[in-house]
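Presented sequentially are two complexes of subunit A, the first with subunit B as partner and the second with subunit C.
Up next is the complex of A and B:
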């Protein structure tokens, strides 16, 4: 934003010598003001905006934000108006008593009242932002384990069964979902701005977060606590689905992907190159758990924790160049893998729908 | 009341009384709540008891700060003199100290209320 205004100012200065002064400033305003408004407008909506809520908790956070912003702006406007009044329109001295009254009312009573009201409002919101139900009547519970730089996602259904996935969170519309959050290595933070506030993932500790999506769609979550070189690349898509669709989606993930048997030769290559030491693929001998579960990786929207769109080509690129695409991750690069093997494994993985 | 406490208590120590009460109240409230929630059973089971306890230490703290403010007000001459009391005399030093103590007591009074406010709204460890 600053750069654009600066550039437009440079422009105006360069050809401004022959121009009258008023036109120069109006040109800068014409270009600069709308440009400077762009980030403001853009930040108010989108897949990763706390100001475009798609969940009950995010709605309350957004309301709190607007109450605080409007309150702050009103006070700011009042103070500026008072300063203008004192410096421009009424420049005479006031009595000591009047000054004392102004200090007591404007400097003590008013701020204390306003701060008490705002603090009480924010505190009053807190219980409803953490609406944990009775453990026995909890519906879907989603366990999230943060690792450098990916997310293990385990869906615990009310019947006791669980389904393991990674780097993508799917939620049923209108249902309250409880997250239990922990970490396998260092502190991460789980944040889906469109659905609610953030919560840290701390090794050796389980934190709880409760969210209720109110709008279906695809959103974006992001690690919000610096955790290493690829911290910014530790994100995940969040898909809010109709409850029926969600149930059938989850049911399809309870068993091995039909794509596993499509190419037994690719499966063999996958195992021969050691991929199964870190990754699990249901229905195969691949049982590793130190990397993301790949049982249904082909059906995910992205690969590499929201790094790239998911197709066979990006999959091959990620396998061959993982360290340059995601520096510091545990996934080794496979630059020496024959391209035929790479293509076969990528196509097979993409087929794991 | 004014004769109950001798004028000799008017020392630099009275200046610290209210902020120290604020600090102790803060520590008791927050450490108490943390221990109560992290070690179930150690300080009791019912969260409402914790809220009542925080309420009681709040009333006690506000009372001590109130007394400190009254003493400071007395030291300041009940507001008869005008600040800033910056003459290099013993009288001005006393008045200045009384005035500063009174202001600190006011700040501590509000701070203790703000510290205790969560106990009014938070109803259990998780919420």
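Up next is the complex of A and C:
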């Protein structure tokens, strides 16, 4: 079984760029970094890397990490050098009194000092990283519902209207966005390493997360809490856009896609094969909610929750082979669907821009 | 204090007699042995075998992740493999290996012939083996648990978890019983069976650590057992403890699991440090520096470890203030850990170090562990943990902690203590080769994972996409794992090497100072005679001690009465109190373990009848075990143990080891009960109206039950007192009254929720009420069995006015039941009224 997985190396997009165009799947994947930088141990480029921050929290935590790493390596080297000196290199022995003093200074005084400083730093960071409920700051609220193995994404605009999407998160650059996180089945965890830390989605509870993107580009998020068979395949692209572009993008999602009327026959096939029982397509009779909303599925970067790039061919493959591509998901396999139907439905869905 | 043995004693006959009494059975009966030497060795070998099995699973994981989008393992198989890898390493290797080492080493180290309950130890081993094989075997049927070793609901309570979840819950509950049995054995052994004169401040550090760890097991495992109970009630009977639709909460499991799970890490780590605390002084050629420091640090670690569990839950959305508290506590545990490491460094600095193979493993372990400790401080900080949590960074961290803090010290211990098994040494050459393979392999495998995790790779994924920066890191990790595997294999070869041609080495090849090096691998009796100890390192400080002990110049040098005997001493000062006759070779331990194992296995498959029958057989086996093997009235009051000391052969009440065992068992039992009560109040805190509109059990029946339990308790205490004053007949009447009151109490307990029609599947409130009253009722029922047992012993003349240890132990049991009843019926009956 081969499978392409959507990648974008072009996350260092210039400000002012609109959303990246969905790329075709075939061929080698471009990596948007100079080749010379690739093999270095500390090269932290990656669309899912906490060490290549594109958000306020991720930036602060990356700094914290580097401070602790340098300090930690120094402490490690010191302790090991001392242990090696004590066991291998030294000639004479020190007195018991001197050894006792070493225990006090090395085992008590030193760690207490370092830990107090470190803890103070981290506790001081905490409230500023996730300031909740500040309405002047959080204009946009994004509701995320985790399900095996996909994400429902609902944008709640300040005017009270909401727009339903799935398996892709788009955010305005520089704005603080508040997420409310729930789950429809298992515990999942919502994690966009480039923007900030994770937060669990727990049935029966609503958790909150606050993120502020600081660099536009395309990143990747992923479920971080083991949630069942295809936990590994529960990811999503994250697109950070210029606020203006974001607003117009969102506005375009508020109504049915013009693609709906392109092929009424495909729409009929879609409904006849029962797709509408689980999926909703705005402007049609398809009103199911147990699966991802497909109203504008053609404009998404990936399908199958970041499983494959999005084109009519991968769409058809996903419909026909969903269980082998994504074991344990609720989406049934449509191996028996006539290929003409399959092609028509896939093309129509791809056209839902 | 040296003294020649009296000339009139025939030492050859003495030794022959000791040898007969302590003989290891031959043929297939070998497996009915209960002696600590055999049981310890079996226990250790089984744990080691489980470790190799889990290691192979680990290699499978690495093979699958070597390249992106690999299809070597299916998603389902991978999930079973990683779940079992963690589960087996934690429950079937890391904890049991120390119970094994402790059972093997403690008697000679403490100067005892045997631990106080050898049959309990053997029972624990057989339970462990049966449960372990059951859990491990499941993967060959594709039925292994697949929800992670942490088993979070709702995934693990769902259909998707399959029978694997039941295997995990029931198989491991069974193994936890074994762990608790070992904890009871070790605590009583360390407190009551030390050589005369070995005051607590002279105890070998290994004993101190094991005492602390066994205590931790006592408080850490019961919350998991309580959690398992709730979990299995939900899986089997749909009681909604973790179902938010009916008032439950999946987070309750996370709390109960990690209240167990975090101390578990220290339960694993502290005994490894204990091994280092024996090894380092030996090779530094001097006593440990800062004995009090290291003991205090170990106690401190034990305490702190119970206050850290929430750091596994930083991303669950708990209030930031509680995150801050647990963050601080998690960082603070680095301080006692630092003290322990610096005690070793200071000891080496103040001595002259011989860099042997055990020291090589010890230092390698230190280098790895310190790294894991430092990353531990990093993840203790909440903001960093939000990124690192559930990523490969944590995989790296935990392996640095456990392999550096546990596996390497265990191998150091293996190379160090191997001569105690057969008088021969493992190969230095192979050992050094294995060390370097393991050390480099480990670091190549796990160091890159820090980076893999921060580059965003989550844990527990069976596949990952190419080209997002994880490919070559994973490939390197897999290559490293292979090297680590080869290193482990080298150790396995070294352990199993045929050493028939190697001459038997010196008895104390490393010139160590502690008492265990007196023991002779050829003899089963632990120590030939039990010396008086005046130093922490008696072999260094007490001249001629080894010779005197071996010539039988000290206490209890004979087994004239043909019984296995060891000394019981006082808890703090180790002054001789009693000669304890311990159980010998028997198959009752195997029968008990097999029947109890059948109960758990049958429950897994929902074979109710089999389970019930096996349960009755188990109760019968235990009663037979107790009837024939405990509380025996000796043929004489006192025994002369030499050097003019004569000790009683029978003790009851607080002086008897049985009383302590009951006390310790019931402490663990009480902890499990407290966890259930915690659950009750947890549900109360998370809901506006936690009853969900369901009527409670009322006040009448709970109060009636409480009164009846109080009556049963009073009758039991009364029976003990009346019997002591000679009123044997009145005592028997009181025992009957107690049993009847208890039976009525059990019925009244259940009548509360029954009469108000509380449906445990409707909502979590009736479910938790039913669990609490059932818990009390089961304890009442066991109490009835105990009272009737005492009655039968009294009628059979095995329980008399003077020899009344059963009555003391049962009264102690009833003290605990009384507290349980007070809390249970107060909570279910009165608490809702107070709202």
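Note that the second predicted complex is superposed on the first by the 298 of 353 C-alpha atoms of A that agree within 3 Å, B and C clash if a C-alpha of one lies under 4 Å from a C-alpha of the other, contacts with A are read in each partner's own complex, and residues count from 1 in each chain.
We adopt the following convention: contacts are C-beta pairs under 8 Å (C-beta built on N, C-alpha and C of every residue); 3 or more make two chains touch, one makes a residue touch a chain.
Everything numeric in this text was worked out from a predicted model, so none of it was measured.
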Could you tell me if A:199 is touching subunit B, subunit C, both of them or neither one (first, second, both, neither)?
second
Of subunit B and subunit C, the partner touching more residues of subunit A is C
For A:251, select first, second, both or neither according to whether it touches subunit B, subunit C, the two together, or no partner. neither
Task: Please indicate which partner A:70 is in contact with in the superposed arrangement: first for subunit B, second for subunit C, both, or neither.
output: neither
Once chain A of both complexes is superposed, is A:328 in touch with subunit B (first), subunit C (second), both, or neither?
second
_Which partner chains sit in contact with A:208 here, subunit B, subunit C, both or neither? Use first/second/both/neither._
both
Task: Which superposed partner A:119 touches (first subunit B, second subunit C, both, neither) - done: both
Touching partner for A:225 - first (subunit B), second (subunit C), both, neither:
second
Next on the checklist: By the touch definition at the top of the document, which applies to A:127: first (subunit B), second (subunit C), both, or neither?
Outcome noted: both
Report task. With the two complexes superposed on chain A, say which partner A:261 touches: subunit B (first), subunit C (second), both, or neither. Result -> neither
Both partners, subunit B and subunit C, contact subunit A at residues 96, 108, 112, 115, 119, 123, 126-127, 130, 208
Listed in rising order, the residues of subunit B that touch subunit A in the complex are 82, 106, 110, 113-114, 117-118, 120-123, 126-127
In the complex, the residues of subunit A that touch subunit C are 1-3, 5-7, 9, 29, 31, 41, 44-51, 57-58, 60-61, 64-65, 68-69, 72, 75-76, 79-80, 82-88, 90, 93-96, 98-100, 102-103, 106-108, 110-112, 115, 118-119, 122-123, 125-127, 129-130, 181, 185-187, 189, 191, 193-194, 196-200, 202-205, 207-208, 220, 222-233, 327-328
In the complex, the residues of subunit C that touch subunit A are 69, 71, 74-76, 79, 146-148, 152, 154-155, 158, 160, 244-245, 248-251, 286, 289-290, 293, 297, 315-317, 320, 323-324, 327-328, 331-332, 334-335, 338-353, 355, 359, 363, 366-367, 370-371, 374-375, 377-378, 381-387, 389-391, 451, 454-469
Residue set of subunit A touching subunit B in the complex reads 96, 108, 112, 115-116, 119-120, 123-124, 126-127, 130-132, 208
